[in-house]
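The chains carry the letters A, B, C, D, E and F, assigned in the order they are written, with residues numbered from 1 in each.
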Amino acid sequence: MFELGVVKRNITRANSVAADQLGHFGASTVHEALGRVGLMQNYLRPIYSGARISGTAVTVLMHPGDNWMLHVVAEQIQPGDIVVAALTSPNTDGFFGDLLATSFQARGARGLVIDGGCRDVKDLTEMRFPVWCRAISSKGTIKATLGSVNIPVVCAGACVTPGDVIVADDDGVVVVPAAMAVATLDAASKREALEADKRAKLASGVLGLDMYNMREPLAKAGLRYVD
Amino acid sequence: MFELGVVKRNITRANSVAADQLGHFGASTVHEALGRVGLMQNYLRPIYSGARISGTAVTVLMHPGDNWMLHVVAEQIQPGDIVVAALTSPNTDGFFGDLLATSFQARGARGLVIDGGCRDVKDLTEMRFPVWCRAISSKGTIKATLGSVNIPVVCAGACVTPGDVIVADDDGVVVVPAAMAVATLDAASKREALEADKRAKLASGVLGLDMYNMREPLAKAGLRYVD
Amino acid sequence: MFELGVVKRNITRANSVAADQLGHFGASTVHEALGRVGLMQNYLRPIYSGARISGTAVTVLMHPGDNWMLHVVAEQIQPGDIVVAALTSPNTDGFFGDLLATSFQARGARGLVIDGGCRDVKDLTEMRFPVWCRAISSKGTIKATLGSVNIPVVCAGACVTPGDVIVADDDGVVVVPAAMAVATLDAASKREALEADKRAKLASGVLGLDMYNMREPLAKAGLRYVD
Amino acid sequence: MFELGVVKRNITRANSVAADQLGHFGASTVHEALGRVGLMQNYLRPIYSGARISGTAVTVLMHPGDNWMLHVVAEQIQPGDIVVAALTSPNTDGFFGDLLATSFQARGARGLVIDGGCRDVKDLTEMRFPVWCRAISSKGTIKATLGSVNIPVVCAGACVTPGDVIVADDDGVVVVPAAMAVATLDAASKREALEADKRAKLASGVLGLDMYNMREPLAKAGLRYVD
Amino acid sequence: MFELGVVKRNITRANSVAADQLGHFGASTVHEALGRVGLMQNYLRPIYSGARISGTAVTVLMHPGDNWMLHVVAEQIQPGDIVVAALTSPNTDGFFGDLLATSFQARGARGLVIDGGCRDVKDLTEMRFPVWCRAISSKGTIKATLGSVNIPVVCAGACVTPGDVIVADDDGVVVVPAAMAVATLDAASKREALEADKRAKLASGVLGLDMYNMREPLAKAGLRYVD
Amino acid sequence: MFELGVVKRNITRANSVAADQLGHFGASTVHEALGRVGLMQNYLRPIYSGARISGTAVTVLMHPGDNWMLHVVAEQIQPGDIVVAALTSPNTDGFFGDLLATSFQARGARGLVIDGGCRDVKDLTEMRFPVWCRAISSKGTIKATLGSVNIPVVCAGACVTPGDVIVADDDGVVVVPAAMAVATLDAASKREALEADKRAKLASGVLGLDMYNMREPLAKAGLRYVD
């Protein structure tokens, strides 16, 4: 599965409408719509607040302290892609900075999700090139060993197959399998439609206990009120 | 102490003037005024910078991955309260989001302190509903098991009895026992009155060594100056 | 090396032009220019975004939970210095707050790097006194035990000799040995001159693969492209 | 609650039969018998395998890096006690070693639970004086600041009132409130009586699915079997 | 991929000879033979030293704090299997103890790999039922929510497909895809045959520098010897 | 200070009698004798219990995931040395296993202290080659980049100059600067002579409060006894 030294050029990207629109719902809603699976570990954090993106995954697997393959993956980026970078073991070096971001942006990438470190965060923030990473670090990397591009990877605890949809915002990063992108978009839309009504009720002072009819199941479960 | 499945409806809230005014001094000054006790662990962080609140605690104890009791505690909130949510074991799932925040805000809650995860942080920031939490996570929770409401809890390493005063800002979260709220407010006021004068002296170049008369005790302790 | 109870008054500060100008290049570029050494661990984070400073190190070694020596080091600060505070064992208490910052600023300090906790972060942000620390904590400290001032210390995994140049920004904190400050400034200037040209090429769509002539070494290393 | 500088001499210890016998059941069974509450965080680990103790808590609260109060608590130990040591903020220094263990053992203490570090672990192992701690460290501590003895403390996330029963073994450390000690002993005995029968059935190949009648609730919850 | 509420009964297990024999080589050699991929994160540790097992994976996905599905997976165990338990979010509760171990052992399981906590470790050690886990905890779990059995899971950062070979010992846990089991066994055998000769040479004082002919590439890379 | 690509052949080792005998006192006593400095962080742990060694440091600095320089340092080992391996950034890969241990042992090394991972721990335990490391990992490393040998390094937070004395046991790892080795040996001997007498008194029931004359300073500090 994780063969090293291979670049796969042709990958099947998820439906582009779904890939584009899932981002509007954000990671939390999409994660619910998908059945509460596919979430990356929450140690990945955005380098700046407020970014919300979605797009199709191109993947790269690298060794600790070596970012050579980020140059290789750059060539495989198509407009609308998000690069997902996994490591063979945990490492927080600064694999990615403003030069690579310039290149990725020129190729049409919408952002980077990396299970490692990032640097030049001030420049990246000014460029509005969003990165979700596990650390910020000035520590540079070498270019000595091969990894692979566009193979399935595990990034921050989630399996990512090239072409899957990535949704990332302040709440985290969710992976939607390509085959489920359209159905998930549909489910997310329905969830959100319901939420507006719920929000209005709750704002008016109605309790979730009543709105969701929880009083009976709580009593059945044994909840007791005392003074 | 931690009996599960119980909701206590009548709690004795701390003096409301003290509960309201302690927030003006902030967590660090209140922590000093209280004798350097009652601080929650510093892994709790605010979801956005700049919030500073105080209020009376209503408490809730939940299991990992299950936020059912947040709906139960909502009904017990009175204006001026801060919800303090503890877990039976560490977990970073997203227990709280914009719908619950809408409900809590409608009930008059000033904020949430939770020893777990939070989501919808962009919405919460726009609503100005402050949350101190140990992680941000899109991971949803279930509604299957009972916990308790308004029992004494340990939240992020600090004991909280319902009705205690909570003071929270960018520096952290402090718990002031209800019985000590008025005395602590008094002590905090005195501390702050002294600080303005000290700040002016230090700004003018006077050293703490001289202002606090530290040179003699340092010499006695054996401090040596060398060239 | 780490003798306790000593204050060294006369230290040899690095070349002041280099100490001042290295900050313009930022931690990541300086770290590269220095040969990828001298970086503090990336658990040190700035209390607010956007600060970028450089200056000469005055050092202090303290015990966990005891900030007495911060008052001692204040007297040794000269304009253009950055205080580097190390601990004898890990601790996240709030060693530093707005009063000490007022004093340090009055003495001409440009910032603080501390392998411990900091508090009053809202005030420090308003004062624009930048601090890089391992935690934010309301927990106050005592003034009971001696440490040392201006001895070589290990701060966040990096050796710092008094007088070394410190460069700190959003990417991290780098230590430049005083003897290498001028050469490092020269190397950093050259690096940056080259980067503008590279950035322009990458922005135009040229790939790093071509710009850096990586295709041949990648093929030699065995990289295979598949469809 | 956490007043500093106080030693309470008279505490009410839990029923001694219960305090002695709860240890036979071990931490996991007692934790279940108690209703799944009262567990310390699992970062506390025994310094050697195989110890299983129970006894009544005498408590002590200390500052990071300062073990002065361990000498004060020694005088309050009665045979059958277990010392529970909490800190005002996290610290892993070596607060406790073979000399203090000799003293504690001479006073009749059965062990130590400390939310800090321990040293001389080889000697302690040979003495068979068990310690549950958060780290092992050669780092010595000072004797400069007051804490308190026999006040309620939070140790590793659990509230401990002096006189409570502590049960500790390879699985962890549980706190049984004094008032619940006898009832918990009774519940633990009943649990264990049932377990022998269950163990025999499971060993013979009977499935928990059948023994606990889980098939129907699983089906109701929607579990589907596919080929 | 991670559909919840499904139990797959028919899975294709890897070649049984390879599954049995890979264990003789241990995790480190197999990891090398596999091309340095497929390793679980090293926070998973064995509950006792010295166990070395291999076998075919049956998988289970559970929610934090809920071990209901461990009873469901028990029925799917065949002799020679190793249970691999993944969680939907990080949690260290004690999902597994001596009763479940009795059942698993009766079904022929060789061990458990779980990305969560374990308890009754003294009993498990006496039973010689090895478990690799992320924590030891007395904290019990509930039986309230569905997960899945025999679906592909991510456990401690590694993808596991039901039927894959698991190799686990004191060095860690490796996953060998079923399709590569025989080839990996062959590669591991060859590696080990070479190692005996190397070990003898190194024991006689021959340096790796000479045995591996490293002096020339080191010199080419620029290594300088100084006095 | 950390120049890469250099091997220093001639280093000045500490007094050999002191280097040999300091080990008898163990890390904790030596750390006290040295003035409570020079301790490595306590995340370094021995791979097996009971080893206690001392010897002179030969140092090596490596990049994450690359153990090439361990072969280079092997040639610089003299009987009685302990290898101290530092990394340019945190990494837990398995840099060291049984083949390198065979070579190091053949050269006369007494052990390894490494701020990274180790593997083949079962073999190393059987060979009685002790290693203090930050993790155990099957993850192999590459041999692609230069580091340095016998330069000053920071290992687990402590500065080590080649030739310093290393003392390591179950309590941790201490670095004694070569110039202080003899004086530290003397101080450690004196400490230990005093301890036997203290231990006997404490074992007889004398309290530390009395033996160390603490009652008066405690009262002066304000300690109050209450009933």
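Observations on the structure shown:
Here is the rule we go by: a contact is a pair of C-beta atoms (placed from the backbone, for glycine too) under 8 Å apart; a residue touches a chain by one contact, two chains touch by 3 or more.
In this text, all values refer to a predicted model and were calculated from it rather than measured experimentally.
Listed by label, the chains touching chain A and chain E alike are B, F.
When the C-beta pairs in contact are tallied for D-F and for C-D, the bigger tally goes to D-F. The distance from the centre of chain A to the centre of chain C, with each centre set as the mean of the Cα atoms, comes to 31 Å. Measuring from the averaged C-alpha position of chain B to that of chain D gives a distance of 27 Å.
For the pair chain C and chain E, the distance between mean C-alpha positions equals 41 Å. Residues of chain E in contact with two or more other chains: 36, 39, 88-90, 92, 137, 139, 145.
If you draw each protein chain as a dot and join the dots that touch, the picture is not a line, a loop, a star, or fully joined; it has some other shape.
Pairwise chain contacts present here: A-B, A-C, A-E, A-F, B-C, B-D, B-E, C-D, C-F, D-E, D-F, E-F [touch as defined]. Residues 1-4, 35-39, 41, 88-90, 152, 154, 157-159, 177 of chain F touch chain C in their complex. Chain A makes touch with chain B in their complex at residues 26-28, 31-32, 36, 39, 42, 45, 49-50, 52, 169-172, 174, 195, 198-199, 202-205, 207-209, 212, 214, 218, 221-227.
Chain A contributes residues 5-10, 68, 71-72, 74-75, 92, 94, 97-100, 102-103, 105-107, 117, 119-122, 125, 135-140, 143, 145-146 to its touches with chain C in the complex. In the complex of the two chains, the chain E residues touching chain B come out as 63-66, 88-93, 137, 139, 142, 144-145.
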